[in-house]
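Two complexes, one shared chain (subunit A), two partners (subunit B, subunit C).
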Partner chain A sequence: METIINTTKLDVFRSHLTPTAINLPSAIVQEVNAVLDQTDFPTTRQEAWKYTRVGKIAAISAQQGITPSDDTSFPIIDQEAYTIHVVNGQPIWTTAQDKLPQGVHIKTLSSCNEAELQQLFEKKIQGIDVFQALNIAYLTDGLFITVDENVSIDHPIQLLHLNTTDSQVSNVSHFISAHKGSKASFIIGSLSSANSNSFTNSSLNVHVAENATLTIDKLQVEEEGNLIVSNELVTQENGSTFTINTITLNGSLVRNNLTIEVDGTNCTTNLNGAYLLKGNQHVDNHTVVDHKQPHCNSNELYKGVMDDQSTGVFNGKVFVREDAQKINAFQSNGNVLLSDSATINSKPELEIYADDVKCSHGSTTGQLDEEAVFYLRARGLSEASARQLLVSAFISDVLDKIENDAVGTFIDDVLSNRFGWQR
Partner chain B sequence: MIKIENLHASIEGKEILKGLNLTVNAGEVHAIMGPNGAGKSTLASVLAGREEYEITAGSVDFDGNDLLEMSTEDRAREGLFLAFQYPVEIPGVSNVNFLKTAVNEIREYKGLEPISAKDFMQKVREKSALVELDSKLASRAVNEGFSGGEKKRNEIFQMAMLEPKLAILDETDSGLDIDALRIVANGVNKLKSPENACIVITHYQRLLDYIIPDFVHVLYNGRIVKSGPKELALELEEKGYDWIKEEVDSVNA
Partner chain C sequence: MGYTENELAKDLENQEYKFGFVTNIESDKAPKGLNEGIIRFISEKKNEPEWLLEFRLKAFETWKEMTEPEWAHVHYEKPDFQDITYYSAPKQTKKYESWDDVDPELKETMKKLGISMEEQQRLTGVAVDFVMDSVSVATSFKAKLKELGIVFCSFSDAVQEYPDLVKKYMGSVVPMTDNFYAALNSAVFTDGSFCYIPKGVRCPMELSTYFRINEGGTGQFERTLVVADEGSYVSYLEGCTAPQRDENQLHAAVVELIALDHAEIKYSTVQNWYPGDKDGKGGVFNFVTKRGVCEKQAKISWTQVETGSAVTWKYPSCILKGDYSIGEFYSVAVTNNYQQADTGTKMVHLGKNTKSTIISKGISAGKSQNSYRGLVQIHKNASNARNFSQCDSLLMTDECGAHTFPYIECKNSSAKIEHEATTSKIGEDQIFYCLQRGISEEKAISLIVNGYCKEVLNQLPMEFAVEAQKLLAISLEGSVG
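What follows is the complex of A and B.
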C-alpha cells in the first residue's frame, strides 16, 4: 500500500515561518494547527474569495524576526497621538509606556500570562479561516489595550505597522477593550516601507462596552508591492458608538474583513471606506454588520476610484436578526472607473428577519461625467484639473467624515504625492 | 475679434454646418437666430471645442490665433466664453472653488500671479450682485438643485468673473421667465465694453428687447442666409422663418 502525501501551498508557506513564541495555551495552538493541517489557501471557487486571488501571498518565502536598529526613525501620522510602532511584527514604544494617559493600559501579548491569553484567544478560534489560524499559530506579537470606565483620552492612540524588509511576514494581533462610558480614538496605520512582498496578516478584536464611544481611522498606505490581510471583529454593547474609517491608498493586495456585531440596543455604527487605486492594485473590502438587538442605527458608505488595471472588490452584508426591531441600516457603495481596464466587483447584501426596520442598500459604478469635464474645461481648467476636481468631489463624502485634522492632512499628502491631486 | 470662414462641421457623419461665414469685431453684439435644427447650437459647440464635432473645412481666426487648433481650455484662457444652453450640475464641486481654480489657471496661462483670496472674494461679491445671484448660491455646488433661472444667472455670473473677450450665449433665454430674462440681460449689458464682443444665439426675439444687437443673422441649413440690423429680428418675430426658407430654397432649387 502506498501513502500519498500532498504538500499544499499552505504547507510550503508555513515551512518558512517560525511558530509563535507567545505564551499561548497549548490547546489553542494545537487547534489552530489542526485547522492549518487540514486546509489550504482559499481559491476563487470559495464565495468569500471569489474575486481575490491570494497566490501572491502563498508565493512568499517568508523572512522573519529581522529587527531594525534602534536609531531608525519611523513615520508618524499624528504628532500629538500616543504612538506605538509595530515594526516587523514587534511593538516599539515610541511614546514611553509611562507617558500614556491616565486610565489607559497597554501591554504586549508577549508580556501577558497564559491565563490572560486564554481569555483573549479562546473565543477567537471558533470558526476561523486560514489567515486567522496563521495569525495565531505564527503570532509575532500584539497589543492588549484597555481604556478604563468613563475615561476620555485627549489625543488618539496610534498603532503604526511597518515591514521594513522584503518578504517579511508579520502576524499581529491586537485587542482593544473600551470600558463603560469611555471615549477614545485610534489611528491604525499600515505604512510598510519594504519594496515588495512583505505581508502583514493582522487581527483586531474590539469591544465597545455600554455607552462607550470609539473611533478608528485606519490608513493603508504601504509601498506598492506589499500585501495585507486584515481581520477585525468588533462587538458593541448598549448605547455605544463605533466608527471606523478605512482608507486604502496604496499596497498591491489588500483584503479587509470587517465584522461588527451590534449586540446592544441604542447603538450607533458608522463604517466609512475610501479606496483610490492605480497600477495593478487589488483592494477587497468585505464588511458585515450584524444587528442582533433593536433600536440601532448603522451607516455604511464606501467609495472607490479605480485607475489603470486596478481592481476593487466591495462585499457588504447587513444582517437584521429577528428580535432587532426599529433598526435603521443604510449601506451605499459608489465607484468610479477612470480607465477601461479597471474593474470593480460590488455586492451589497441585506438579510432581514425583523419586520419593523428601515434598511437600504445601493451600489453604483460609473465613469466621470464627461459633460462636467467639458464644462470645467470650457471655464479654463486643464483636463487634468477638471478630472481631479470631479474625483475629489466624489471621494470627499468619505474623506470629510474623518474628524482628525492630522489624519486628513496625511491623506491629502498621499493624494498629492501619489496621485498628484489637491483636495 | 473672431473671423469664421467657410466653416463645415459634422457629427456622426451628418453635416450640420455647411460653409458658415461670420465676422465679429470688438464692441459688437451679434444675434444669431434661426429655426430648430439650423445649426445654432452646433456653432456654439464647435467654437467652444466640443470634440464630438468634426471640422471638415473652413477656418476660425480668434484674435490672430487659429481657434480650431486650440484645446477647449486654451480657448477659454484666450478669452472665449460659452454660456451653456444646459448648464451641467456638478455635485460636490463648489462654484466658488472651481471658479477660483479657473481664474488662477487662466492667470497662470497669462503669466500672472494667483489672485489673492481677499481680491477673489471681493470680486465674487461684486459680480454675484450684478446678476442678483444670492451669494449663498455662489458657494454651493455647481448648479446642483438650482432652478432653471438660477442656472442661467450662474452662467452670467461665471462670465462676469472670467471677463471674456468673446462671450457666446447659447439660448440663454430658454426656460427663463420675464424677470430672470431681464436680470440676465442686464448682466450682459453691464459687462459690455468696446474691448469685448458677444454672440447671442436665440430662438426668439424676446431677449433682443433687452440685449440690443448691432447685427442680426439668420442661420438656416448650416449657413448664414440673411443678415441685417436689429429690425430684422422684429420682422422674423412677426413673419416667422418660412419666408426665408422659401427664399433660400428657391435660390437653391
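What follows is the complex of A and C.
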C-alpha cells in the first residue's frame, strides 16, 4: 500500500528544534507531540488568528543552544530589582540566588523533579494550541517562583528575556504562585538584541491566592525583526488583586494571549496595554477576562498608535458566567492611525450570561485632532512636536498607570530613542 | 370554514403564538430533496429563461462544495437539506384579474394577519405584494405605480417582463458564491419581490410585502431585489408571521438593494416567524443574507425589529461604494424562551467621505441568547470615513445571555470610528419609580423597554411602528419574574 506523507510547515519548523531536556513526565511530552503531529501552524481562516499571519515564524530555521557566559552584561530595567536574565532560553542568576528576599523561592524548571513538573504541567496541556504545545515539547527552561503567605517584597522581581543570536528559538515557561496575603510585583521584559528572526515563545502561569496582590509590568522592546508569541494564564482567588501593564514598543511580530480567570469573589483585575508601532510591525493583543464568581471588578484599557505600514490588532473578550452577578466589567480600546498604510483591527467582545451586571466596552479609531494641532502650532510648537505632544497625551493614559518609576524611565528612554519624543 | 370568534378566543388563550394557524389550500408540491432535477423542475415550473436556469445550476454546484457556517453564536440541529420540499405553490396558478377573484379563504388568512386588503386599498397608501408559499397571488396598486414607471411585482413576473433589469442586477450585490445559504437560495429560490424605481422618482407610498410560510416542511427561499435608479427614493417594508409548526422550518432569503447615485432606499423589517414553544421545540430557522450597495451620495437605511424565529442569523449590510454615501442600521432584537439570535450588520466603507451609523438594541429574556455581531471596515481609499456604533443589551433574567462581537478594521488614517456597547438589566430604581406612581410592574417594564428601543422604533414607518410596539409587548409577556 502506498502511504502519502504530508510534511507540514510545522514539521519542517520542528525538525530544526531540539526536544526538551527538562525532566518532564513522558506522558505529557507524548501528549503534546501528539497534538503537534496532528496540526499545523494556524492560518487566518481560524478566528483567533484572523488578523495575524505566522508565516514569519514558520520560516525560521531555528538555531539552538548557544548560551553566553555569565559574565557578559545584559540590559537591566530596574537596578534595584531582583534580576534573572533568561538568555537564549536559559536562566542566568544576575542577582545571586542567596540574595533573594525572605519568603521568595525561585527554582529553575531544570532543577525540579518529575513530581513537581507533573503538578505544574498537568493542567497546562488541556486544550492547548500549537504554540503552547511547541513550548512544552521543546521547552528550553523556565522558572518556578513562589511568594510565601503574607510576604511583601520590597523591590520587584525582574525576568528579562533576551535572544542574542539570529534565528534563536526560545521556549520558556514560567510559573508564579503568590500565596495568601502576599504582595509582589514583577517586571517581565523581552529585550532581544539579535538582529532578526529570533523567536521567543513564552508561557506564563500565574496563580494569585486569597487576598494577594500581584502586579506585572510587561515590556516588549525587542530589536526590530524579532518575534514573540506569549501565552499568559492568570487565575485569581477571593479578594485578590491582579494588575498587568503590557507595553509593546518594538519587535516585528508580537502576539500576546492573556487570559485571566477570575475564580473568586471580590477580586479586582486591571489590564492596561499600550502599543506604539512603526515600520512593518505587527502587534496582536488577545485578552480574555473570564468572570466566574460574583462581586468582582475588572478594568481594561488598551491604547495604540500605528505609524507607517504597521498593523495593530486588539481582541478583548469579557465573559460573565451564569451566577457571576454584580460584576462591573469595563473595557476600552483606543487607536490612532498616523499613516494611511497603517491598519488597526479591533474586536472588543462581551459574552454575558448573568443579568445583574454592569458591563461596557468601547472602541475608537481616529487621528490627531487637526484643531488641536493648530492650537499648539499657533503657540509656537513645530508641526512635529505638536503631533508628538498629542500622541504622548493619548498614550499617557496607559503609561501613567505604571507605578514603578524605573520602568517609566526605561519606557521614556525607548520612546526618545525610537520615536524621538519625550513623554 | 370560517374563523369564528370562539376559535379566535381559543387562540388567544393559548397565547403561545398569535399567528399560528394553517390555511387549507392545496399546494402544488415538488418531491422532497435537492438535486439538479428539482432545480430544473422549479425553473421549468416557473417558465424561466435559460440564463436563469444556468444561474441556478451554477449556484447549486458551488453550494455542494460549501459547508455550513458554524461561527455564529447559535446552537441548533442542522437542517437536513434532503428532507425539505423546495417548491410549493398554491394550486391556483391563474392570475387574478380583480380582487373579487381571489380565493375567499386566502382573504380570510390575510384578515387574520391584520392586513385586510380591502381596507388597505381603501384607507392606506400601502401597496401589498402578498407572498404565500413562495408564489405571489395578489398585487395591488400596480396600476398607480405603473403611472410613475415604478415596477413592483413578484420576482417571477419580473423575470418574464423585465429580464434585462433582473439579469443586470441579480447577484450583483450578493453573488451566488457569497455564503452557504445565499448559494442555496440562488439555486432554489421560488419567488420574491422585485422593485425598480426609475430616475428621479420619489415613490409616493410605502411598498410592503408580507411573507408567510404555509405548507409544513416547506422551506421558503425568497429573493428580493430593489433597484433605486439615480435620484429616486423608496421606502420598502417587509413583515412576516408564520403558522405554528413542530418541525423546524428553514428560511433562507436573499435581499439585494441597489441605490444608484443620489438614490435612497429605506428598508424596514418586522420579523415575527414562529419562535418555537416555551420548551424551545420547533420554530423557524432564519438564515438571511441582506445587502445593499450605495453609489455616489446614495443612502441605504436598514431598520429591523426581530422578535421571532428559533434561530436568527442575519446581517443586513451596506457597501458604501460611492463617495459621500451613507449607510444606516437600526435594530431591535428580542429573544425569549429558547430563542437564539446572532444578528448585526456590516458597513464596508470604500468611498471617500462615507458615513455609517449602527444602533442595535438587544433584549434577552427567558433562556435565550442574543448576540450582536458587526463589522465596520474602512478601506484604504475611504478618506474621512465616519462610523458611529452603539450596541446596548438588556438582560431580563439570570438565565439568558447577551453578547457583543464587533469587528472593527481600519486601514485609513483619516477615518473616525466609535463603538460603544453596554450590557445591563432594567434598573430597580426605574421600576420603583413607576410602581410608586401606580404603574404595574409589567406595564412599567413595557414602558421602559419601549423607551429603550425608541431610537430604533422611531425609524419605522408609522404603520409598522404601531405593530412593532405591540410585538415587543407580546414577545416579552410573562418573561419577567
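The rule is short, and it goes like this: the second predicted complex is superposed on the first by the 422 of 423 C-alpha atoms of A that agree within 3 Å, B and C clash if a C-alpha of one lies under 4 Å from a C-alpha of the other, contacts with A are read in each partner's own complex, and residues count from 1 in each chain.
By definition in this document, a contact is a pair of C-beta atoms (placed from the backbone, for glycine too) under 8 Å apart; a residue touches a chain by one contact, two chains touch by 3 or more.
As the structure is a prediction and not an experimental result, all values here were calculated from the model.
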{"item": "Touching partner for A:Asp405 - first (subunit B), second (subunit C), both, neither", "value": "neither"}
{"item": "Which superposed partner A:Ser339 touches (first subunit B, second subunit C, both, neither)", "value": "second"}
{"item": "First (subunit B), second (subunit C), both or neither touched by A:Asp397", "value": "first"}
{"item": "Dominant contact partner of subunit A by residue count, subunit C or subunit B", "value": "C"}
{"item": "Touching partner for A:Asp154 - first (subunit B), second (subunit C), both, neither", "value": "neither"}
{"item": "First (subunit B), second (subunit C), both or neither touched by A:Leu376", "value": "first"}
{"item": "Residue ranges of subunit A in contact with subunit B within the complex", "value": "369, 371-372, 374-383, 385, 389-390, 392-394, 396-397"}
{"item": "Residues of subunit A touching subunit C in the complex", "value": "47, 51, 322-323, 325, 335, 337-367"}
{"item": "Complex contact set, residues of subunit C against subunit A", "value": "71, 73, 378, 380, 393, 395-425"}
{"item": "Subunit B residues within the subunit A interface of the complex", "value": "48-50, 71-73, 75-77, 81-82, 84, 87-88, 90-93, 98-99, 101-103, 105-106, 109, 141-142, 158, 162"}
